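Pasting a structure here, questions to come.
Here the chain labels run A, B, C, D, E, F, G and H in written order, and each chain numbers its own residues starting at 1.
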Amino acid sequence: MNKSEIIKLLQNVQTGKTDVETALKRLKHMPFEDMSYAHIDHHRHLRHGMPEVIYCEGKTLEQVVGIMKRMLRVGSDVLATRANETIYKAVRKLDRRAVYHKASRAIVIKHDENKPTKGVVLVLTAGTSDIPIAEEASVTAGMLGSTVQTVFDVGVAGIHRILSKRDILDAARVIVVVAGMDGALPSVVGGLVDKPVIAVPTSVGYGAGFQGLAPLLTMLNSCASGIAVMNIDNGFGAGVLAHKINVLGER
Amino acid sequence: MNKSEIIKLLQNVQTGKTDVETALKRLKHMPFEDMSYAHIDHHRHLRHGMPEVIYCEGKTLEQVVGIMKRMLRVGSDVLATRANETIYKAVRKLDRRAVYHKASRAIVIKHDENKPTKGVVLVLTAGTSDIPIAEEASVTAGMLGSTVQTVFDVGVAGIHRILSKRDILDAARVIVVVAGMDGALPSVVGGLVDKPVIAVPTSVGYGAGFQGLAPLLTMLNSCASGIAVMNIDNGFGAGVLAHKINVLGER
Amino acid sequence: MNKSEIIKLLQNVQTGKTDVETALKRLKHMPFEDMSYAHIDHHRHLRHGMPEVIYCEGKTLEQVVGIMKRMLRVGSDVLATRANETIYKAVRKLDRRAVYHKASRAIVIKHDENKPTKGVVLVLTAGTSDIPIAEEASVTAGMLGSTVQTVFDVGVAGIHRILSKRDILDAARVIVVVAGMDGALPSVVGGLVDKPVIAVPTSVGYGAGFQGLAPLLTMLNSCASGIAVMNIDNGFGAGVLAHKINVLGER
Amino acid sequence: MNKSEIIKLLQNVQTGKTDVETALKRLKHMPFEDMSYAHIDHHRHLRHGMPEVIYCEGKTLEQVVGIMKRMLRVGSDVLATRANETIYKAVRKLDRRAVYHKASRAIVIKHDENKPTKGVVLVLTAGTSDIPIAEEASVTAGMLGSTVQTVFDVGVAGIHRILSKRDILDAARVIVVVAGMDGALPSVVGGLVDKPVIAVPTSVGYGAGFQGLAPLLTMLNSCASGIAVMNIDNGFGAGVLAHKINVLGER
Amino acid sequence: MNKSEIIKLLQNVQTGKTDVETALKRLKHMPFEDMSYAHIDHHRHLRHGMPEVIYCEGKTLEQVVGIMKRMLRVGSDVLATRANETIYKAVRKLDRRAVYHKASRAIVIKHDENKPTKGVVLVLTAGTSDIPIAEEASVTAGMLGSTVQTVFDVGVAGIHRILSKRDILDAARVIVVVAGMDGALPSVVGGLVDKPVIAVPTSVGYGAGFQGLAPLLTMLNSCASGIAVMNIDNGFGAGVLAHKINVLGER
Amino acid sequence: MNKSEIIKLLQNVQTGKTDVETALKRLKHMPFEDMSYAHIDHHRHLRHGMPEVIYCEGKTLEQVVGIMKRMLRVGSDVLATRANETIYKAVRKLDRRAVYHKASRAIVIKHDENKPTKGVVLVLTAGTSDIPIAEEASVTAGMLGSTVQTVFDVGVAGIHRILSKRDILDAARVIVVVAGMDGALPSVVGGLVDKPVIAVPTSVGYGAGFQGLAPLLTMLNSCASGIAVMNIDNGFGAGVLAHKINVLGER
Amino acid sequence: MNKSEIIKLLQNVQTGKTDVETALKRLKHMPFEDMSYAHIDHHRHLRHGMPEVIYCEGKTLEQVVGIMKRMLRVGSDVLATRANETIYKAVRKLDRRAVYHKASRAIVIKHDENKPTKGVVLVLTAGTSDIPIAEEASVTAGMLGSTVQTVFDVGVAGIHRILSKRDILDAARVIVVVAGMDGALPSVVGGLVDKPVIAVPTSVGYGAGFQGLAPLLTMLNSCASGIAVMNIDNGFGAGVLAHKINVLGER
Amino acid sequence: MNKSEIIKLLQNVQTGKTDVETALKRLKHMPFEDMSYAHIDHHRHLRHGMPEVIYCEGKTLEQVVGIMKRMLRVGSDVLATRANETIYKAVRKLDRRAVYHKASRAIVIKHDENKPTKGVVLVLTAGTSDIPIAEEASVTAGMLGSTVQTVFDVGVAGIHRILSKRDILDAARVIVVVAGMDGALPSVVGGLVDKPVIAVPTSVGYGAGFQGLAPLLTMLNSCASGIAVMNIDNGFGAGVLAHKINVLGER
C-alpha cells in the first residue's frame, strides 16, 4: 500500500465509502515505507541521510547492475563498494559519470556536487598497506558530502610522525584512524584530541594478527576513552559514521 | 622540564648565558605537557575535554583514594567506575558530595552543575539485565554535561517496542544501544535513524554467548552502516563517545 | 497510540475534524501493538503462542518479582527460568500455586491445567549430568501444554541403550536430545527417526569441552540431516521449539 | 544377513536343521537393516522419510556418479548438493530428467511429481548475497514435497521490509530465515510469529564475521525463544528440517 | 527382551507355537544387551574389558551413591573419579574396602586383587603440579590390573632428567606422559622409544596456556609420530587406554 | 664423537695417554647417537621401530629427493607423505620400486616384503570423503608391517551400518576410526569394543566444522573411555600408532 | 651416576679393573648432571646462570617447603613466585632472611648481596593495575643481580608521559614494558629506543581483552621491530630474560 | 620544522628578533625528528640502530620501488622482506648490488661491508620446512652486522641431534630457535644454555597447528624461563632482536 493508496483510503473514510472498522484493519500492518518500488531509495535517504549502497561481493554482475539501474532511474547517487574492474566496466556503460577509485575498489556516481562541509573528516593510516581501507573511508565520507583530508603512514613505531601532525589533528572535527598489525595508533590519537575518533582495524599483518583480529582487539581495549570501533577492513562504515558525526557540527 | 624552565632557557639564550647548540639539545626531548604534577589533570581536560577517570578494578583502595585526593585538590570533577561500596565509603569521607550510582557501580563528584546540553543522548537497552551497563553510559555522559534520556527493555524479539519509540529516537542527537545475547538491537535502530549510533555489547547471556563475544560480533557485522562499537560491557566508553559527539551539535 | 485512539482518529477523519494530511502523518509511525501496558502480555500470547518468560539471571529480586506481579495481575501463566530458591520463596508469597522445579531451577505458575497434547515431546539425555537441562526443556514444554516423556542416560558409548528405546522413539512426535561431552547422541537419534530432532548441547564435561563448545560444534556438524541446534544449556528454548512443532500435529 | 537369510534361519529352526543355541548366536549381532546392498536406500526412506542425499564436496566425480547410478537403479529420487557443472554434465548423461539449480549448486532427479503440501515453507533472506543458501533450502524442501515460498532481501537494517510481509509470515507453517553479517533477522521474525523458525547463518560478510561465526552466534543467542539453528551455509539441513516440521501439519 | 526370552521365542518357533513371520518381527529391534537391569554392568565388562566408571562431577551425592550401590550388588569393581571427600565418606559407609586416592580424587573398591601384568605402564610428568592427573591415570590403570610405575618432574627444560631415565623408559610397555605449560615432554619421549606413548595435557599454567589448550595443541602437533592424545586433565582416559594396550602384550 | 672415538678415548685412558680429568671433560657432552651421518637412520629404526618418514609439504623437490637418496643408500625403506605427482615422478627415477598411493598422496619404497602381522589393524571411515586420510593410515601401517583391513562409510547417522560390522570389529586388534563433520563414530565404536581405538578427525565438512576442529573436539570429549586422538587429517600418525600397538600383540 | 662415580669408573679403566667395553656401556646413558641430589641446583646455576625457581601455584604447601629446604641446604638463593601469605609464613620459619614482596607475591631469600650491575633494567607499566606484574619482573631481575629502575603508569593514551621519560629510556640497557588493555606501549617504546625491549601483556582489562589475549596479540604484532614477547602476566620470565640480556653488557 | 629552522629560531631569540613568548609557542609541538623528508631514515638509524625496512606485502610495486629509491638516495642500507622475484627484478635496475635471498624472499643492498661482530647469533630450526623463516632471521641479523651461524633440522623428536650441538650452543651469544608443529625445541634449548633465547613459531604443520598458533602457544608457555617469543613466521623480528642483544656484548 503506497502513499496515494493511503490517501485514497482516508478519503474513502472521509466520504463514508469505507467504514472505520475496515480502514482500521487495512491500516494495521501498513508497510508504510514500502509504498512502491520507486520510492524506496528516496525514503531511505530521508531516514538514513544517505543513499542505498551496493556491497558487491557475493552479488552477481547482473544483480549489481540491476540494482544500480533502479537507483539511477530514481535519481539517486550511487556508491558501490568492493567492486572489481569488470563491474566498473559494466557500470560505465550505464552512466559515464561513474568514477572508479581503484585503491579502495569503490564506484561513485554523483548527480550534483554538494557543497563540502566546513568540518573536516581526517583519515589517518598507521602504514602504507592500510591505505586501501583508508581510501574506502575517504571516498565514502566525501561522496556523502564531507570535506576529507588524509595523512598516511604515521604509525606509533615512529611516534614523532603523528606528533608532528598536531595542527592537522586539531583542525579536524572527527578523525578516522586505520591501522593493521598492532592497531595501536587510535589509542595514541585518542589521547591527543578531544574529538570523536573512529578506529578501523585492517587485515594487514600476518601470523598472530589473525587477519585483523589483533588490531580489532587492540582497538576495542583502547586505553583512550570512547574510541568508536568498526569491523575489520570496514572503511565504508567508518566513512558513514564520520560523515554522520561531521554534519552534526555543520548545523 | 616545565613551562617556567623553558622560559628560563629561552631567556638564557636571549641573554647569551646559553648558546644555541646547548639549547637545541635540551629542547630536543621537551616533555612539554609534563610541566608540573599539579597541571596534569587540567591539561588533560583541555586536551580531552574530560577529567581523568579512575577505573577501580585492579587498583587497591589506597591507590584509588590517593588518586582521587590529588584530583580533588586541583579542583577536578571525579568519575570512578567499577567501584564497590567499600570504595564509596572511603570516598565519602574525602568529599561529602560523592554520589554512588549503585546499578552502574560509579562514583561521581561534581563541583558545579554544568548547564545541560540541548542535544539529547538517548540510551537504550535490549533487556532488563543490560541496565547496569546502560546506567554506566548514562552516568558518564551526564557527568560530562550531556542531557541523557533512557529507555529500557526494547529488544528486537518484540519489535513493536522499539517501533513505538520513534519519536524519542527522532528527538535524540546520538543514540547508545546496549544489548547482550544476540545483540541485534543496534542493527534495527541503526536502520531507523540518520544519527550516530553507538553499540555496547554486554556479557548478558550464557553458553555460546561467550561472555559477550556473540553480541560484540553481531554489532561489528551490523548490516546497518556506520555503527560505532565499544568493548563488551564498556558503558563508560559509550558515555564518553556519546558526549563528544553530542557537544559537536551544541556549538 | 492504542486501538481506541486509532478509532477516534478515523472517526475524526470521518467527521471532518481531522483532515487527511494530518491523519496520514499521525498514522505513519503507528506503534500498533503497543496499545496499552496491560495488553502487552495478552498480545504476545496471541503473536507467539506462549506467555512472556522471565530469565532470572542478571535481574534483581525486585525486578523478577515486579515483572511477575504484573503478569499475574493480567491472568497470565508464568514461567521463570534460572531461578534460585530465594526467588522461589519470594514468588510463593505472591502466589501459592507456584511450583519450583529444583533440578531445572524453574518456577511455574499455571492458572488452569490445559488438556495435554496427543503428540508426545520426548526428551532424551546422553548422561546423568545432562538431566537439569533436560528438565528445563521438559518443564517448559509441559507448561506450554505438551505431553512430555523423558528417558535419561542413553548416550552413544553404550549404543544398545538408545537402540532398545526404538518404540519410544517411534511413538514421539518430536524429540529433544540433550548431551554434553562429545554431543554425539543427536546424530544417532537423527539417523533412527523421520521426525524433527532438537539438539541441546550442555556444558557438561571438562578440558577441551570448553564449557559446551565441543557438543555444540558436534551438533551443528551432525551427519544426520536437519537437526535443530539450540544454545548451550538452553533447555528452555528446546522446550519452546518442541512445543511449537508438537502443536502443528494436533491441529 | 538379509531378510531372506533370516527367514531361512528361522525356517531352519522350525524344521530342526538349526538348533536354538546356534540360531541365538547368529542372531545376536543381526545387522537387520543391512539386508542387501540394493535395499539400503529404500530402507532409509522408510526410516528417515527422505532419500539418501549426495554431498558432492570431497568426493570424486566417479564416486558421485557411482552412488547416483545405484540410487537410480532402485528407483530412488536423487538430490546432490554442492555439485558443480562438471558433475551436472555427467549426471545428465545418466538421466535426462536431472535439473541443475545453479544458484544453489543442487542437482535434482525426481521420478514423479508429488502432490505439494498445503502447508507452506517460507524461506527468507536478509540480503541478496544470502540467496544461494536460501535456494538450497528451497530446492531441498521442494524436492521432498513441501510447497515453498521465498522472500529475499528483507534484513533488519530496513525493518519496514519484513514488517510489510506480515501476511506472508502469517500464512506460512514454518519459516526458514537465512542471514549473514549480523544474523539478526531470525530474532525479529521469531518475535513476530508463533510458528517454528529455522535460522541458517551464512558465510556472507567479512572481517569479524569470521566466515559465518558471527551470525551463527547471534542466532544461537537469539532473544526470541526456540529458534532452531543450523550449521553455517547449511541450506540443505534447513530444507530437510522445514519439510519434516511441515508434514506434521499435513496429517 | 533378554536372553531367556529370546531362547523362549526360538523354542516357540521350534515347536511351531510362533510362526516365522511373527518371530521375525519381534527380533527386528532386539535390544540384546539390555536384557535386564542387573546384567548391564556384567555385559559391559565383557564388551569393554572394564567395569562402569562413575564420573562424579555434575552428579548429586544421591546419584553417585545410588549407582555405586547397584554396581556393588552385582559384584562389580568400582572406580569413581573426580570425587570429593564428602562422596568418599558416603561411599565408605557402603563398603569399607573403599580407598580414596586424595591427589587424584579417585575412589576405588576392588573385590579381589588381580595378578598384576608383567608389562609396565609408565606414567611420567613434566612438573610437580601435573602429579594429580598422573595419579588419576596411575590409579585407573592399576585398578584395571596393570602394573604401574611413576616418575615425576622430568620436564624438557632440564632435558638431562628424562635422559637419565632411559632404562625405565626401555623397561615399560606403554608410556603415559602428563604435561601442562608447553606440553613438550611427549615429543621428546616419543622420539626416544619405539612403544606407544599416550600424552595427557593438563590445565597447569596460566595466561596463554588457556587452561590446557596450549599443551593440548602441542601434543596434537607433536613432531614425534603416532602420539595418542587425550582430553585436557583426562588422566582417567589415559589409564584406560594404557591398560588396553598393555594387556595386548600379556596375551 | 662417534663410537670408535669413544673406544679410542677409553683405550687412551687405559694406556695412560689421557688422564682421567681430561677424559671426564670430553665425555661430558657425549653426543652418543650422532656417531656418523650414515648411521642416523639405522639408529632411528632401532630406537623408534620405524624408518625416517618424509613429510613433503614445505619442502622443495630438491630437498625431498636429496633426503630420499640418502635413505635409499643406507638400505632404508621409504615413506613419503603428502607427496604430489611431481615428486612421485622424480622418485620413480631414483627407484623403480616406488609405489604411489594416489588417494592418500603417499609414496612407498620397500626393499623386502615383511611377513604381515597376525593381528589386524582395522581402519574405518564415517563417510566417503574421509577415505584419503584413512588410506594414509592404511598405507602407513601396512608399510610398517601390519595387516590392514578397511571399511568405509559407516557413520553414525545410519547406525545399522557399523552395527552390522561387529564381526569385523571383534576380529581386529586395534581400530582406527576416521571421521569428519560431527566426528561421532569413534564414540560408538569405542563403546562396542574392548580394544584400543584411535580416532582421526578430518577436515571434511564446512561452516562450523572449522576445518576439522569440530570432530577433533568431539573425539577429545568422547564419552567412550580411552580413545586415542590424533591431529586433524593425521592418517599417518594413526597408522604409526596402530602399528606400534598391533605389534605388541605379536610378541 | 655422579661425578665421583665417573672418576672412579675412569680410574678403574686406568687400572684395568674395568675393561673398555664395560665402561662404554655404562657411560652410554650417562645422566651427567644428575650426579647426586645435592648437586642439581649448583649445576643448574652454572648451566642457566640462575638458581631453580619455585612456581607455587598447583603445588601443596608441603611440596613448596620441601623443595625450598633442599635448596637452602645446598646454599642456593631462593625465588618463589605466586606465593601467598600462608606460604610466606611457613618459609619465614625456615629462614628469617626471607623477604615477601606482597604486590608481586614473590618470596626471596638471598645469602649475599651481589654487586649490582652497571647496566640498568628499566621496567615500565602502562597503568597502575599492571604494577604487580611489573614488580614480579623487577624482583626477579633484581634478585638475579641486575640493577632495576621502575616507572609506572606511562600508557600511550597520554603519550607525553612516556615522551617525558626519554632520558630514563636512554639510560637503560634493556627495557621491560608491562601493559594490559590495548598493550600499545611496547610499540611506542620500541620505536623510541635502539635497545632490546621485552613486552609483558597483563590480564588487566575486561570484555574483549579476553584475560590478556588482546595485549598479547598487540605485542606479537607490534609495528616496532624485534619486540620480545612473554606469556600473559609472566613478569618472572621478563625479569629472567632482562637479566640475561643485561649481563651481556657487563662483560 | 627542521633542525636548521630550529637553529634559526634560537638565533632569532638570541638576536632579539623573536621574543621568548613567540618562540615558546612555536617550539611547543616541535616535530623534531620530522625535520625534512630526506633526513628521516638517517635519524631512524640513530634512534633504532637500524635502517628502515620495507615489508613488501600489501604494497604495490610502485610503492616499494619509490621508498627504496629515497632510501638509496640518502645512502641508507636497504632490507626488503617478503619480496617476490618481480620486486627483485625492479630493484636490480635501481641498484646492481641488490642481493636476493630466495629462500627467505629478502632483498639486501649494502653500501659497505661492516666488520662482523665477535659474538655469534646462532639460528636453529626444528625441521627442514622451517628453513625459510630461519633464513629471514639470518639475513636480517647478518645485514645489521652480526656474525650468524645456522644449524637446521635438530627438532626434539630426535633429541640427540640438538644434544650433539652443545659446543655450538655454548659458543653463541644469543640463540634464535625457529620451530613449527609442536614448537618444543626452544624449551629444550632454553634449558641447556644460560644465554638469551629467541623463539620463532612457524606456520609449518597442519590441522590443529592452526597456521602456527600451536607452536606460538607452546613457546609462550615454555617451561624454560625467559624465552623471548616472536610473531608466527617473524624471522625478521628475531633477526633484529638477536642483533640488538648481540651488540650489547660487543661493547
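The criterion applied here is as follows: contacts are C-beta pairs under 8 Å (C-beta built on N, C-alpha and C of every residue); 3 or more make two chains touch, one makes a residue touch a chain.
All values reported here derive from a predicted model rather than from experimental measurement.
Considering only chains that satisfy the touch condition with subunit B, which of them also satisfy it with subunit F?
C, D, G, H
Please determine the option from G-H, F-G or D-E whose contacts repeat those of A-B, over half of the contact pairs being identical by residue number.
Checked against A-B: the matching pair is G-H.
Averaged over CA atoms, how far is the centre of subunit E from the centre of subunit F? Could you give it in whole Å?
25
Round to the nearest whole Å and give the separation of the Cα centres of subunit B and subunit H.
So the centroids are 39 Å from each other.
Let me have the rounded angstrom distance from the C-alpha centre of subunit B over to the C-alpha centre of subunit D, please.
A distance of 50 Å separates the two centres.
Distance-wise, how many Å sit between the C-alpha centres of subunit A and subunit E, to the nearest whole number?
58
Tell me, which residues of subunit G touch at least two other chains?
Each of 32, 158, 163, 191-192, 207-209, 213, 216, 220-221, 225, 231-232 in subunit G touches at least two other chains.
Per the touch rule above, enumerate the chain pairs that touch, sorted by label.
Per the contact definition above, the touching pairs are A-B, A-C, A-D, A-G, A-H, B-C, B-D, B-G, B-H, C-D, C-E, C-F, D-E, D-F, E-F, E-G, E-H, F-G, F-H, G-H.
Subunit E touches which residues of subunit H in the complex?
Residue positions touching the partner: 126-127, 155-159, 163, 181-184, 187-188, 190-192, 205, 207-210, 213-215, 217-225.
State the interface residues of subunit F toward subunit E in the complex, per the touch definition above.
Touching subunit E from subunit F are residues 46-50, 53, 173-174, 191-196, 198, 216, 220-221, 225-232, 236-241, 243-245, 248-249, 251.
Please name which positions on subunit G make contact with subunit F in the complex.
Where subunit G meets subunit F, its residues are 3, 6-7, 10-11, 13-14, 16, 20, 23-24, 27-28, 30, 32.
Please give the residue numbers of subunit A that touch subunit D in the complex, ascending.
29, 31-34, 44, 55, 57-59, 63, 67, 201, 203, 211-213, 216, 231-234
Report the residues of subunit D in contact with subunit A in the complex, numbered from low to high.
128-129, 158, 160-161, 163-167, 204, 206-209
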